[in-house]
Structure formats: structure tokens, C-alpha cells
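In the two complexes below, chain A is the common chain; its partner is chain B in one and chain C in the other.
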Partner chain A sequence: MRSRQAAIAIRLILIVAGLGVAGFLYAFPLYWLIATSLKSKAELYQSITLFPRHPTLQPYYSVLFERGFWVLLKNSVLVCAATVLVTLAVGLVITYPITRLTVPPSLRVGVLNWALSLRFLPPVAVVVPYFAIVRTLQIYNQPIALIGIYSLFNLPFAIWMLKGFLAEIPLELEEAALVDGANRWTSFRRVLLPLAGPGLMAAATIVFTFAWSEFLFALILTATPNSQTFPVGVQGLVTQFEIIWNDMAAAGVIAMTVPLLLMVIGRRYMVAGLTFGVIREK
Partner chain B sequence: MKNRLTRRDFVIQAAITGASFSSLPAILAACGTGTATPSSKPSKLVVAAVQGNEDGPLKKVVGNYKSQTGIEVQVVEFPYADLFTKLVTTFQANDSSFDLCMMDDPWMPKFGTMGALQPLDSNFGFTRDSDIPTVVYDVGTWPPPHGPVPPSEQGKSPHLYGITIVGNVEMFMYRSDKSAAPASWDEVLSNAAKYNAASFYGYVIRGKATNPVSSDSLPILWSFGGNIFDDTWKVQLDSSDSITAVDFLTRKLKKYAEPGPENTDAADRSRLMAIGQAYQSTVWPGEITGIVEDPSVSQVKGKVAYIPIPQGPSGKGLGMMGNWLLGIPKGSKNGAAAADFIKWMLKTDNMRNYVAQGGIPIRNSILNDASLASANPYFKALAASFAAVPNWRPRTDQWGAVETSYGTAMNAAVAGQLTPQAAMQKAASEIRTVMKNAGYPS
Partner chain C sequence: MSHLVAELPVPTGTQPGRTGRGGRSRQERLAYRILLPALGTVFLIVTIPFVIAIWQSITSDDGTLIGLRNYTRALGNPLFFDALRATGLYASIVLPTEILLGLAFALFVHRTVKQAGLRATLYVLAVLPLVVPPVAVGVVARLIYAPGYGVLNYVLQSVGITHSEIQWLGVPALAMGSVASVDIWQWTPFVYLVLFAGLQTVPRESIEAAQVDGATWWTQFRYIELHYLRPLFLLILFFRVADVLRVFDHVYILTGGGPGTATQLLSLYIYRIEFRFFDGGQAAALAVMVLVSISILYSLVTRALPLERA
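Entry: the complex of A and B
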């Protein structure tokens, strides 16, 4: 009996130790990022220290105002918010018929597979033709170019997540509204949309997060701060003769904070969004 | 249920809505402001610039230009590696996003061959100023006024397409509190051996692949009598002089170099010097103003001296041009205003103010001004380097590919993965193929 208790205790200790190591490995880079963002340039040129000796917010001021990254931050928010709106709108237009109306199964499967194929497409395969389209449309260096491609690449997520959510909402609710005199649009707007709110929130959070961290298209399709997004600015802190570690860390913390806040706010919906509809095919 | 939609109607309307969203970008683009119309006096000029110590002083002086002329100058920064790509993309599209662009001098052949820039002399009346070194104008001229000319450019009349605003020439730095200046690379080696100690490196090699190690090694290559090309574009990297130079750097000097020199870039080198852990190395002025002589970070301010590149067995010490030029893209609709800005930058008083903000000047009168020497201890060496006429990197539009081959092979030699001979033979073979395919005599 005693040996069994000892075995359980050892197992518990090993599990806790393992989790501790994993937690440390996960958390330390974040700590290091934050600690570096609070160090001055002079301190970085002295010996490496675990804690900032003279903590300063100067790197944050430098990044946001002296380097003008607040404009890029604003662009990022604008582009990501617009991407969310476009993606969800198009996603609903595609998802509604295949979940709420009687459509041939082949059409439904075809649409879903098409959406999935979009996600499997490597961005680098699209970047050159899309660049040509952007040039032809004269939207190079304009946020709309990024909104277009981000919406396209995030559409599969939106479709698959919304499909799961919409499929869970009983058809009878809409039918009751129709019986009471509502038309299809009214029942969609007044009945379905409110019920699909959590799903929309989950999809919005994920789409926003993916768009927020995108770099390749933002680098290629933008030229000036009029349209550049935050990740494009961050990579500019590696200069030819100097790596501006503290500013880069401050930019990293800022870049991390926005989606992190969004995740905290929407985490309940996200878990639901990522698990809805994965068991049952309606 | 009169208003109820049928499923067919709904699918049709959904398709129409989807199509509307698909065309949204085009509709919005059509409603957009589009490109600016030409204006004699624009309210703003946009400069594509390299981010770092090179454009920092420029950003600080553009406010003065606005207060004097009413024209705002917006400096849009890109990392070194991205700026070239961004400019090529912009030039190919004949885009008007930028009115001015900063260019590293090895990019001039590519932009010159592309016809991407507006000539400053014939279009805007630029003439040579005797206070500015001739080589500064030469490096901004295309086709090059001396040295080998690419086959496709032979017979074209030279024009000035760029004016240097960052007078970078590669020099040499050493700890003057420990020894006198080395006169030759042999003395560099003996000093490296003498002062090398635990956590104090006798020599710092900037050995990171491609551009960094290429920049670091070319002055040594030239000073030893080696070269990448001769005057007829014949590859010389596998000559005995070139291999001797590479052997000197990657074997003899490496004995006293920092750990992992194959991963060291300029930022690491400047840091090692600034924190007092290195004795000597090559150096760009941008590293001096930004790090080594910056009192907020440097522990060796006043203990480092700057000299032109030491002499090699060839009897010459050849520095390397790394000037940053300002040019006017062909797509700019504000060429005249952009030219006025360049002329403003070149005025002596404005250049003095630019120097006060950390700028690297090109006027001899400023470089040799004794009142500026104590605050800028490298000015004398820079003036001497200009006077000695530094080498420029080969003036070919294939330089990007050439530098990649040479810099990759050099990196392998620094890392000890290839012998100096094997590295240079590999680079020479690749470069011969590149040049042959581009129509150069191989």
C-alpha cells in the first residue's frame, strides 16, 4: 500500500516537474521579450542581465511615436477589422445555403472541398499573380489589396466554422418565423444571426488573429506607411549595422497584446467554434 | 407568404451578393484617389530610404526643409535587404509612390541598366562641385566613366543619376590606446596575435554569408592584388593572389577572431568593439557614428582610431565605396522638386547641419575642418580614403548574383567548410556561368 502511494507521489512529482519545465520553456521567451522591451540601449550593450536594471518605457515610446509605428498599428487594426467583416459576410453567403436550404449533396461537398483547397494553397503560389492583379487594378500600396487577399485566405476557416455553427441551429426556429409571416431575409437577420452570434465571434477572433500576423503579402503589396501593417515595420528594426533589440521587443509585446486581448475576450466562443460540428455531420 | 423567397431566388441572390463582394476591390479602387497629378510645387516628397544609421540624420534634417520651403519630406524606411527589392518592384511598375530613393552604390548598375532613374545633369542642371570628390560623382554616373562597362551599356553616353548623401567608404579601426596604427596587413596580423586574449579578440571578421562577408573581404582581396574581374570581365577569383588573400583572412586572421565568425554581422562587430572585447576590424562610418563613438553605449569612446585600409602585398591599401546615393525614379511626378531637395542637401551649411545630426558628409571642406575633427574622429581617415580613390564593386547589373556566389563561398571558407582554394574555384565557376549567360565575355 505504501509502495503504491510512493509510486503515485513519484508520478505526481514527475508530472508536475514536466509541466513546470514545459511552462518554463513556454513562458521564458515571453518573459525575455518583455524584459528586453524594458531595457535601454545602453543597458543592452552592457552585460546580459535577467532583469532590467533601470526599467524604462522609452522603447515603447520610440516604436510607437518616434518611429511612427502607431500608424502601422492603426493600419493593421483597419485591415484586420475589414478582413473580418468581408470574410464573415462572404462566409455567411456561402454557408447559409449549404446548411439551411436543400441543395444537392454534391454541391455542398464541392463548396466545402473548394474552401478547404483554398486553405491548402501555399501563399507563395499566389503572391505573384495577385501582385499582377493588384497592379492592374491600381490598388498597390492600398489597404484594400491586403483586405482582398486576407479575406480570400481566411474564407475557408470562416466557412468551416460557420457551417458547424449554423448546422447546430434547428431549422424549426426559422420555419416558425416564416410561418409567422417573416420572409427569408428577416428570419435570417432576426432569428439566425443572433443565435449564430457566438460562432461569428469565434470565427471573427480567429480570422482577425491570422490576418494580424500575416507578413508576406503585407511586405509585397505595400510600400509606404499609408498601407504598411505592423509586422512589416517590426522587421525593419534589423538594420544593416545594428539590431535594435529593445525596440524590436517592445514592438513584439505590442503586436502580441492586441490578439491576446481578443483571445481572452473571445476564448469561450473560440473553444466552441473550434469544436462545433466536428463530431456530427448534418 | 407573398414576400417569402424561394430557395432558387435565395441562391441567385446569394450568388449576386458574392459577386458583388468579389468586385469590391475594383469598385473601391475606382472610387479611390489614384495617383497624384504632376505639380510644380508638391506639398510632399516621399523618399524610400534604408533604415538605420544611414537614414537617421536625413530624417532629422527634413524638418528644416519643410520650414524653409513648405514641402514636407516623408522618409519611408525599409531594411537593407528589402529596399533593393522594393525599388526594383516600384521601378518595374513605373510607380509614382517614391519621389526620391536612397541607393547603395552597387545598385547603380542595375538601376542604370533598367533606365529606372531620371538623369540629374541633363534634366535638372546638376554640375560637378570641386569641393566634392570626383569619385562621388563617378559612382553616381551610368555607364561608369572608367573601368569595365557592361556589354549592353557600351556606347551609351554617361549621365549622373545619383548623388551621394552618405559618404560611406570602408575603413579600418583599431584600439589606439594599445598600439600604433598598423601600416600593413602583416602588422594587422601581428597585432592580432599580440593582443588576442581571453574574451578579447585580436581581429573581428564580419563573416556572415553574402553581402556582409563580401564587404568585409573585398578590401583585403584588392590589397593583396586579387580581384573578382579584370578590366575585360574575366573572373579572377581563382588567381593565386585572390586565393592568398582569402587564405590570409580565413586561416591566418581567423586564429585570433571571435567565435563563430561565419555568423557575425556588422551589428555584432560594432558591439564587440563598443564593449571593449575586440582589438581591430574593418569598419563602415555608419558603425562609428551609431555605435563605436556613441557615448551612450560605447565603453571605448576615445580609445579607437580610424585609418584607411592598410596596405597589402600589392603595395596598395584599397578601401571600398559604400556610398548611399539619392536618385529620382522615372515614375516620380515631382522630379523638379525632388532635384531641388537634393541640391538643398548638398549646400555646405545644410551639410554641416546634417553632420551635426550624425550624417556622413562628402564635402572635402567639411571632412578636413579641424573644428569638426574631435566630434568626428573618422573624418580625417574618410577624407584620406576618398583622396586615395577607393574601389567600387564591379559595375555590372549582375552584381547581385555575383555577390551571392562570392559571399556564399567566402562564408564557407570562413566557416572552414571549404578551403580557400576550393571556395574561390567554386565561386569563380558560378560567376563565369552567370556572366556568360548575361552576355559578358567569360
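Entry: the complex of A and C
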């Protein structure tokens, strides 16, 4: 009996220890990023301190204004907002007919499969031709190049998410409007869109988050701060000759703050978005 | 009113409303009118680069046809096989680790945490790493592993595990481990979320019946829960493999592919060929080969995915 109790106790200790280690590995990187971003320049040149001795917001000021990163922040917001608009508009145009109109099932399946296959497309494989196209169209170093490419790469998510949301809205509601004499456009705008509002919002936050994080295309297709996005700026702080750790950390914190804020709205749909609706909201 | 009725939407699956044998209903025509321009445009935007890539891969810079020379050069480059090996190694570290850890957490939380509030908190904590931009995660990793200012060496030295400075990013095996650890940190929660959601779909009756029969937690997992999770494992593998092939950001930030070519994954390799060596022909050949392999892989696995296509 005693040995059994001992076994249970040991197992409990192992579980608690395991959870402790996991929790530490999960949280410490984030803590360390924030802690470093609050250190003063003087503190960097002393030995490493686990807690900032004199917490300061100076690194944030330095990144945003002395280094002028607020321009990159503005570019990022502009590119992401435009991407959201284009992606949702195209996504609606593609999902409306396959969810609200009578179409052969094979068409619906074909469209969805095709969208899924786009998700599998590795960006680096199309970087080479896109670079050539962007230069030919003379939109190199312009936000429009990024907006186009981000919209394309986020379209699969948008199509699958919108398909899920639109399919849940009863057809009868639109039918009622049609019977009352509204045409399809009016019933789409007045009946369907408001009902799909929360779904559109969720898709918008997720597309915005993905576009916000994108780095490869932004690195390749932009060259000057006038059009670079925030992640490119962060990268510049990392690869320069002398790394200013607190500025770099502050830039990292800013880069992740925006998606974290959006997550407050979109968290319930995040997993549904990432898994193309296999895992529904809980 | 009868002409109006014909316009009304009908439940999907059935096909009334057709105007005649083989003819298309008004709705169907409307659907095509909306769909075709949009799909056509997107299709062109996707396909044109592919055609350009093929064209670039069989021509030299001045536009003359050179056959498959770019392909033989690409395949003859030993760095290409280094990149394939690095990508394979990376995948074989991160995929099993993420799946096993994610599964362990999902089972643990499913069995022990019953409070809805705590489960919701864990959900939010698990979503958090997924939305952090990989560039920011790369910055964090840099703060941890970097020579000189990395906190990991500081911690190891102050607890007395090591006295010398460990070159986390300077030794090939350690660099690969460091780069992989970033992926594991960011994506294990994804596996957890998917599998945890899967466990919620296991009917409570079958679990209770098994427990009455004296099933241990292992037999309960092995013979009941695993059955429900199997399609989800496939799904996870599908998405994670697709993601491993596109990993770029955090590796670029953390090691830049080094030391040597130790962490130069396929995506970093193609980037380097195009934008560091300015060898557009070889890069295009690589891109075409990647696209073709991905298409084959995709068509093989896509039908097995548990996706709701209806």
C-alpha cells in the first residue's frame, strides 16, 4: 500500500515538474523579449540582467521615431488593410455563388479543392517569377505589389472561412427578400452581408494577421523605407553590424502586439481558419 | 406568382429549377457569370508565374533557348542536396516532436482539466504563439542563442552547467537544433489545439463503457481515442509539411542558413541562388522542380484529408 502511494506521489511530482518546465519554456522567451525591450542602453553594456534594473520605454521611442519605424508601421497597416479588403471582396465573389446559388456539386468541390491547393504553394517557388513580373510592371518597391501577392496567398483561407460562414446563414432569409421584390444584389447587400458580418470580421482579422507577419515577399519586393513593411525593418535591426539589443527587442514587441490585439476579436476562429474549418470554434 | 417560384433558391443537392433537359437554370447561369471572371483572373495570376518560371528555366538571360541546361546545373549543384538534407533533417526533428508533445498535452488537458474557464485560458495561451510573426520569434531566438548576449549561455553559466561559451549558432548540429526549437515553440500549440478539439468529439459513452470494462488510460487511448484522432494526424502532417517547405523568416533572422550550409533549408537556398548569386535560370529550374513535386505530393494526399468540401 505504501509503495503504491509512493508511486502515485512520484508520478505527481513528475507531472508537476513536466508542466513547470513546459510552462517555463513557453513563457520565458516572451518574457525575455519584453524584459530586454525595457532596458536602457547603459544596462546592455553591463553583464546580463534577468530583470530590467531601471525599466524605460526609451527603446520604443528610439525604434519608432529616431529610426523612423513608424513609417514602416504605417506601410504595414496600409498594406494589410488593403489586402483584407481585396481578399474578402474576391473571396465573397467566389464563395457567394457556390454557397447561395444552385450549382453542380462538382463545381463547388472543384473550386474548394483548387483554393486548398493554393495553400500548399510554397512562396519561395513563385518568388522568382513574381520578381520578374513586378519589375516588368514597374511596381517594384510599391505597396501595390505586396497587396496583390498577399491577397493571392490569403485567398484560400478567406474562401474556406467565408464558405463556412455563408453556408450557415439560412437560404430562407434571402428568399424572403427576393419574394418581397428585392433583386439579388439588394438581398445580398441588405440581408446576407449584415448576417455574415461576424464571419467577415473573423476572416478579416485572420487575413490581417497573416499579411502582417509576411516577410519573404516584403524583403524581396521593397527596397526603401517608403514602402518597406515592419518585419523588414525588424530584420534590418538583426542583421546590421552592431546589434542594439533593446531596440531590436522593442521592434519585436511592436511586431507582435498588433496580431495579439487582433486575436482578442479573432481568437475563436483562428484554429478554424488555420485548419480550413476542420476544427470549428468552441 | 409561378414565374417567381422558379427563381427561388432551392436546397443544395437537388436539381430542380432547371429549365429543361440539359439546360442550365437561371441560378446556375448567374453563378457562372459571377464566378468565371473572378476565378479566371485568379487562375491567370497563379498560372502566369508558373509559365514564366518554366520559360526562365529553359532560356538564358538573353532569351535564347538552352534546353535543360539549367536543370542539369541545378541538379549538379551539391549545395542543392545539402539544402534537401537540411530540410529533411529539419522536418524529421520538428514534426515528430511537435506531434508527440502536442498529443501529450492534448491528452493531459483532456483527462485532467475539466473546468471550462481553465480550458478557455489554455486555448488562448495556445493560440498566442500562432499569431506572433515569425520574424519576431526569430528576434526572441536571437536574444536567447546569440553569441555574446544570448541569455541561454548566461543561465547555463550561472547555474554552473558550463563554464565556456557554447556556440549555439556556430556549430552545425546546435544551429539546426536552435532553429528547430523555434519551430517547435511556435507550432506545438497548433498540434495541441487540433488534437484537443479532436478528443472532444470522442463519444462519452464509449469511454465510459471502456472504463467500466477496466480499460487503462493507454488502452482507452489506443483503442478508442486514437481512432478519432487518426484523420487529424493526417491533417496536421499535411499542413505542417506544407509549412516546413515554406519556412524562411525565423531561419533567415537566426542563422541566415549558416554555419556554412547547415541550416540552409530549401527556401533559403532558392532565395540565395536568385538574390545572392543572381542566377535566375538555376533558381527558376529549382522553382519548377519544387512546384512539380509539390503538385504531385498534393494530389496524392489531398483526397485523404478530412475536409468538408460540400
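Here is the rule we use: the second predicted complex is superposed on the first by the 242 of 282 C-alpha atoms of A that agree within 3 Å, B and C clash if a C-alpha of one lies under 4 Å from a C-alpha of the other, contacts with A are read in each partner's own complex, and residues count from 1 in each chain.
One rule holds in what follows: a residue touches a chain if its C-beta (ideal position, glycine included) is under 8 Å from a C-beta of that chain, and two chains touch if they have at least 3 such contacts.
Model, not experiment: these values are computed from the prediction.
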{"item": "Comparing the two partners chain B and chain C, which touches a greater set of residues in chain A", "value": "C"}
{"item": "Which superposed partner A:Leu178 touches (first chain B, second chain C, both, neither)", "value": "both"}
{"item": "First, second, both or neither for A:Arg189, with chain B first and chain C second", "value": "neither"}
{"item": "Contacts of A:Arg11 with chain B and chain C, given as first, second, both or neither", "value": "neither"}
{"item": "Contacts of A:Leu137 with chain B and chain C, given as first, second, both or neither", "value": "first"}
{"item": "Which superposed partner A:Lys74 touches (first chain B, second chain C, both, neither)", "value": "neither"}
{"item": "Chain B versus chain C as contact partner of A:Thr102, first or second or both or neither", "value": "both"}
{"item": "Touched partner set for A:Gln235, first chain B, second chain C, both or neither", "value": "both"}
{"item": "First, second, both or neither for A:Ala223, with chain B first and chain C second", "value": "first"}
{"item": "Chain B versus chain C as contact partner of A:Val90, first or second or both or neither", "value": "both"}
{"item": "Contact residues common to both interfaces of chain A (with chain B and with chain C)", "value": "44, 90, 93-94, 96-97, 101-103, 148, 178, 184, 219-220, 235, 238-239, 243"}
{"item": "Chain C residues touching chain A - in the complex, by the definition given at the top", "value": "4, 7-13, 15, 17, 25, 27-28, 30-32, 34-35, 38-39, 42, 45-46, 48-50, 52-53, 56, 105, 108, 123-125, 127-144, 146, 149, 151, 154, 185, 190, 193-194, 197-198, 200, 232, 235, 239, 242, 245-246, 248-249, 252-253, 256, 266-267, 270-271, 274-275, 280, 283-284, 287, 290-291, 294-295, 297-298, 302, 306-310"}
{"item": "Chain A contact footprint on chain B (complex, rising order)", "value": "1, 3-5, 7, 10-11, 14, 17-18, 21, 24-26, 28-29, 32, 34-35, 46, 48, 50-54, 74, 76-80, 82, 86, 89-90, 93, 95, 97-98, 266-267, 270-271, 274-275, 284, 286-287, 290-291, 296-299"}
{"item": "In the complex with chain B, residue positions of chain A that touch it", "value": "41-42, 44-46, 86, 89-90, 93-94, 96-97, 101-103, 135, 137-142, 144-145, 147-148, 178, 181, 183-185, 219-220, 223-225, 235-243"}
{"item": "Chain C-touching residues of chain A, taken from the complex the two chains share", "value": "15, 22, 25-26, 29-30, 32-33, 36, 44, 47-48, 50, 90, 93-94, 96-98, 100-105, 107-109, 111-113, 116-133, 148, 152, 155, 164, 171, 174-175, 178-179, 184, 209, 212-213, 215-216, 219-220, 231, 234-235, 238-239, 243, 245, 248-249, 251-253, 255-256, 259-260, 262-263, 267, 270-271, 274-280, 282"}
